[in-house]
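Look for subunit A in each of the two complexes below; its partner is subunit B in the first and subunit C in the second.
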Partner chain A sequence: MLTLRIAFRNILRQKRRSLLTGLSMTGGYMLFVFAYSLLEGSYGNIIDIFTLDNTGHIQVHKEDYLDKPKIYKSVQDRATVESTLSDHPKVKSFTPRVFSPALAYGTDKTAPSRVIGVDTETEPTVSRLREKVSEGNYFSTAPDADGYYEAMIGHGLATSLKIGVADEIVLISQGADGSIANDIFVVAAIIGNRTSFDRMAVYLPLATAQEFLAMGGDVHEYAMLIDHRDNSRRVADELAGFLPDLTVSPWEEVQATFYRTMQSDRQGNNFMMGLIVFIVFIGVLNTVLMSVLERTREFGVLRAIGARPASLIRLITLETSILATISVLLGMVLIAPMVYWLSQVGFLVPEPIDMGGIEFQHMKGEFSLQVFLTPMMFMLVTAILISIPPGIRAARILPKEAMGAH
Partner chain B sequence: MTNVIETKNLLRKFGSDETEIIALNKVSVEIEKGEFTAIIGPSGSGKTTLLHLIGGLDEPDDGSVFLSGANIAEMSGNELSDFRRDHIGFIFQAYNLIPVLSAQENIEYIMLLQGVPAAERKSRVGDMLNLVGLEGLGDRRPAHLSGGQQQRVAVARAMASQPDIILADEPTANLDSKTGIALLDVMRELNEKQNMTFVFSTHDQKIMDRATRLIHLEDGAIEKDERK
Partner chain C sequence: MKRFILLLCLYLPFTTTASEEARARSIIDEMEQLYRGDSSDATITMEVETPQYQRTLKMTGQSLGKELAFFRILSPKKDRGVATLKRDEEMWNYFPKINKVIKVPPSMMMGSWMGSDFTNDDLVKETQLIDAYHLSMTEDKAMYRVTLTPKEQTVTVWGKIDYVISKDPLLPVSQSFYDEDGEKIRELTFLEPREYEGKLMPSILEMTPLNKEGHKTRIIYDAITFNVPGITKQTFSMRNLKSRF
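And then the complex of A and B:
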């Protein structure tokens, strides 16, 4: 306790200097937290956009369907999957899907397209398909008066084929049994806009798609939402334990390219943040060194009366980390309302950014423990590291320097 | 009688070949427990150097120092630190105290280094302040104490660790003669009552008069060694 008191009073000894040093650390911390919040917020935003738009947080496939999709790699024991997903407390919703490439034929044009069969009831609980209907109405499972089943097509496909709501579309594909699949569907709705990832997609009700592709009751994919995107890996691991014959992939694997880009982007930003902290701490190092040199005689006395070198290093480290802790806590109090505002309101981006058919206009920050604690840990560890060289300087002071008036 | 301090042929040189100064030239002294020894001699005669070597603050070029029978040259850095902490009390000419600590905290600090339990620290601090006649001033920081009072705190601190010897390099040099003599009287009293061994250097005739043994240094050698 006495050591703590010495450290404290040494900080108060040069009030002005400690104040300036402290404020530079406070400023550095605030900048760090603000940037970190904005960065994590943007990542979170983007992740939310594609996970909630389409991929979900976790997907279940047969084998390596994700990398090499083949129509025969399908999930057959759906009852096991569905009961596993229903039973897991963190899984909020899930939906089955089937996929197949197809040739689409409009009035007099053809275009390559992708058939996506979705459960019309559960799909909206996982993705934003229903909100992405830009013309017409969300489809139903029932055939129309002429016996044609309903399809919803991407904006791009509608443009290419020059067809609209209530028009007919012919799809040609290959069934799971190798047979040629072709059928006529009626367009119930246009989905998204020309930048949507599914602009060339044809959505069919699940049973319709299964029949069209001769897949029986099988599906290619289960997509699900869980309580929070950050838990995806853990929940995926748990689910994989229950589903040994299937491949369970968190969004980090489903969107591997994005994830890798994000991670390297993060590293780049961490480097930038590190640089800011480094610059702040060069100033801190200078001050600590100065305060050590001023106290040469004092440290000499301490060494003479029997303080070990290590205890002097500890004292200097303690002084710096106390100042850093106070500065960081002050910074936390000052920046917390800002970060909260950033997370709730955020910046209005001048030009709305369109991501896969979903526009977002706000740059929002993240308000989480991590946003405050990571920079805090970083600052404190740096404070300790930076005070070691001056500490060693203090420990090296020869006790006889303190003696007499030489 | 046991020798608390024993030096054998201490040699200490400063500078290089041409400008070489022999600060101590084969100095051998034996100091017994309870002695009140003054080291005297003209400026540059080697008093400070001798005290530094005895206290393990400096290393001799040749010869050795035994404290309570232990050869301090054989100790590692931390062992020597610990040995100083537990067996030697130091009083310097000035700037002895940690300015951010109060008088009693200064005294307490060395016991903290020794790992003395809090309750005992507190009671010993009180005793020490009484011994040096500073009762009631324990809460003051050094800046709010006179030079003489500061030196008394230094004496109290040196005593607090219950060392075998107390080394003091011109402890009265920064004090006026009346205050200096008063400090010496405090030291002498502790020497008599507690049988504490003191070795101090001084230029002051009135101070040396109070010593029970005078070691005269001249050009780094013992010229005269008289016991009263």
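And then the complex of A and C:
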């Protein structure tokens, strides 16, 4: 208690110096929080782009379909999967899909394409397929007057085959029973633009695709959205417990390349933020050293009346920590509204970022406890570390010499 | 005289191999002829077995000489009417549902024919063993064993084919296909000889790829007639390929 009182007295003794040191820490903390929020926010943004656009937060497949897709590696017991997914409280929506490569024919052109069979009702609850319709109308499961089923094709495919809405498209592929799948479909809509991941895709209603590929009622994939992207691993583990015969992959595994790139990018950014803190604390170190030097006499007296070296170190550490805590709390109060604004409104990007046919105009930050606490912990730990060397210096003071100092 | 004997000694081995190759050639020619006649009209059942599915196709097949062949699937209903035309070294598939003739590109020649373990290449090239391969033969009491090695100019994926033929009756028994490293890749066996119009021939051809576990294709000849007057060059025209039936 005595140490605490002495610590407070010392901070208040040099008000101007303490204020300036405190402000530099406050500034450092605010900068840290702001950069951190923006960084996490933009990662979150990118993750949202592909998880909400297509992959979903978690996917369920048979065996190693994700790495080595084969048409017969399909989910057969759909009832179990669907009841498991609808019973899980964190799963918001899910949708089944089938895939197969196919050769597409326009009137006189050919192009390789990818058939994606989706449930027309549940797909829009997981992906942005409906929003990506750039021409025509979202397809229906019913055949047209001539008995042809509807398909939606990617922008790239439409361009290379030179076909548009209401034209016919012929698909040839390999059926699951070894037969050659071949059929005519009518184009109901064009999807996305030329940068979309599915620019060469042909979307078919699920039942139509299953019949085309002779798959019966089987599907290749379940994609789902959960309450928050950060819970993907935990929920995936829980679901895996219910579905022992299937492979449950969070988006971190589905988009493994992106995830690894993101992690290494994050490390680089952490280094940069470490550097900010380092520069701030060089100034802080200077302050602490100075206050130790000018109090040499005082420490000498303390030592002479029986203060132990360890309690001197503690005293100096405490002084710095108190100052750092006050600065950080002040910084938090000042920066919180700004981070909130960043997460809700964000910067207007001069040129909209186009992600697979969906435009993003605002660069947004993240507003979460983590964004405030991580820099705070970092600042406090650094404050303690940095006050140890001056503390040791103070502890080594010999009373005899110190008494003679000015 | 001495010189003559020397010459003879040098020459003799060649004459024997030459005549042996000619014998092997005639035996294999006879085997090839067995299923073909001048022209043939067959009803075939094809059973494809894989770890994932079983499939049975019924089809008709016509041939004229070595160069022309035509297949049309009768069942299952989904594939009814799908047809394959082979002319010389070219192949086309016809799909009635989309009314399209698609030429099988050279890159797809080693691809599966109608989802079976037979390749498109088997249909096109099977009848040209004699021209494309060097033949050497050994025989024992019951069997001829002909080894076919590709000629330099032959384009093939096989390093060697072992063809076993029984002597009495003179019928094919098996063909083993090896890759260039000498590893056996697949085996075609000829089973259950049956008489068709007085002609004895194996009624089942069974293809087993050794590099794909659980895969097997059986071709069963339900009926076959030879030298059919109705089969002419017109049978193997694009127009006939595209005709609805």
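By our rule, the second predicted complex is superposed on the first by the 401 of 406 C-alpha atoms of A that agree within 3 Å, B and C clash if a C-alpha of one lies under 4 Å from a C-alpha of the other, contacts with A are read in each partner's own complex, and residues count from 1 in each chain.
As a working rule, contacts are C-beta pairs under 8 Å (C-beta built on N, C-alpha and C of every residue); 3 or more make two chains touch, one makes a residue touch a chain.
Worth saying up front: this structure is predicted, and the values here are computed from it rather than measured.
After superposition onto subunit A, the partners subunit B and subunit C occupy separate space and fit alongside each other.
Looking at the shared chain after the overlay, A:177 reaches subunit C, while subunit B stays out of its contact range. The superposition of the two structures on chain A yields an angle of 140 degrees at the Cα centre of subunit A, opening toward subunit B and subunit C, reported in steps of 10. By the document's definition of touching, of the two partners only subunit B reaches A:9; subunit C does not.
In the superposed model, A:398 makes contact with subunit B only, not with subunit C.
After overlaying the two complexes on the shared chain, residue contacts for A:337 are found with neither subunit B nor subunit C. In the superposed model, A:147 lies in contact with neither subunit B nor subunit C.
In the superposition on chain A, contact is made by A:311 with subunit B only, not with subunit C.
One of subunit B and subunit C touches more residues of subunit A, and that partner is B.
Residue contacts after overlaying the shared chain place A:244 against neither subunit B nor subunit C. This overlay, made by fitting chain A, leaves subunit B and subunit C with a least C-alpha separation of 78 Å.
For the contact definition in use here, the subunit B contact set and the subunit C contact set of subunit A share no residue. Interface residues of subunit A, counted against subunit B in their complex, comprise 2-3, 5-6, 9-10, 12-13, 297-298, 301-311, 398-400, 402-406.
The part of subunit C that touches subunit A in the complex is made up of residues 48, 50, 52-53, 55, 78-79, 82, 93, 95, 97-98, 100, 102, 112, 114-116. Looking at the complex, you find that subunit A touches subunit C at residues 72, 105, 170, 172, 174-180, 182-184, 214. Per the touch definition, subunit B reaches subunit A in the complex via residues 48, 51-52, 55, 57-58, 77-78, 81-86, 88-90, 92-101, 105, 108-110, 112-114, 157, 161, 169-170, 173.
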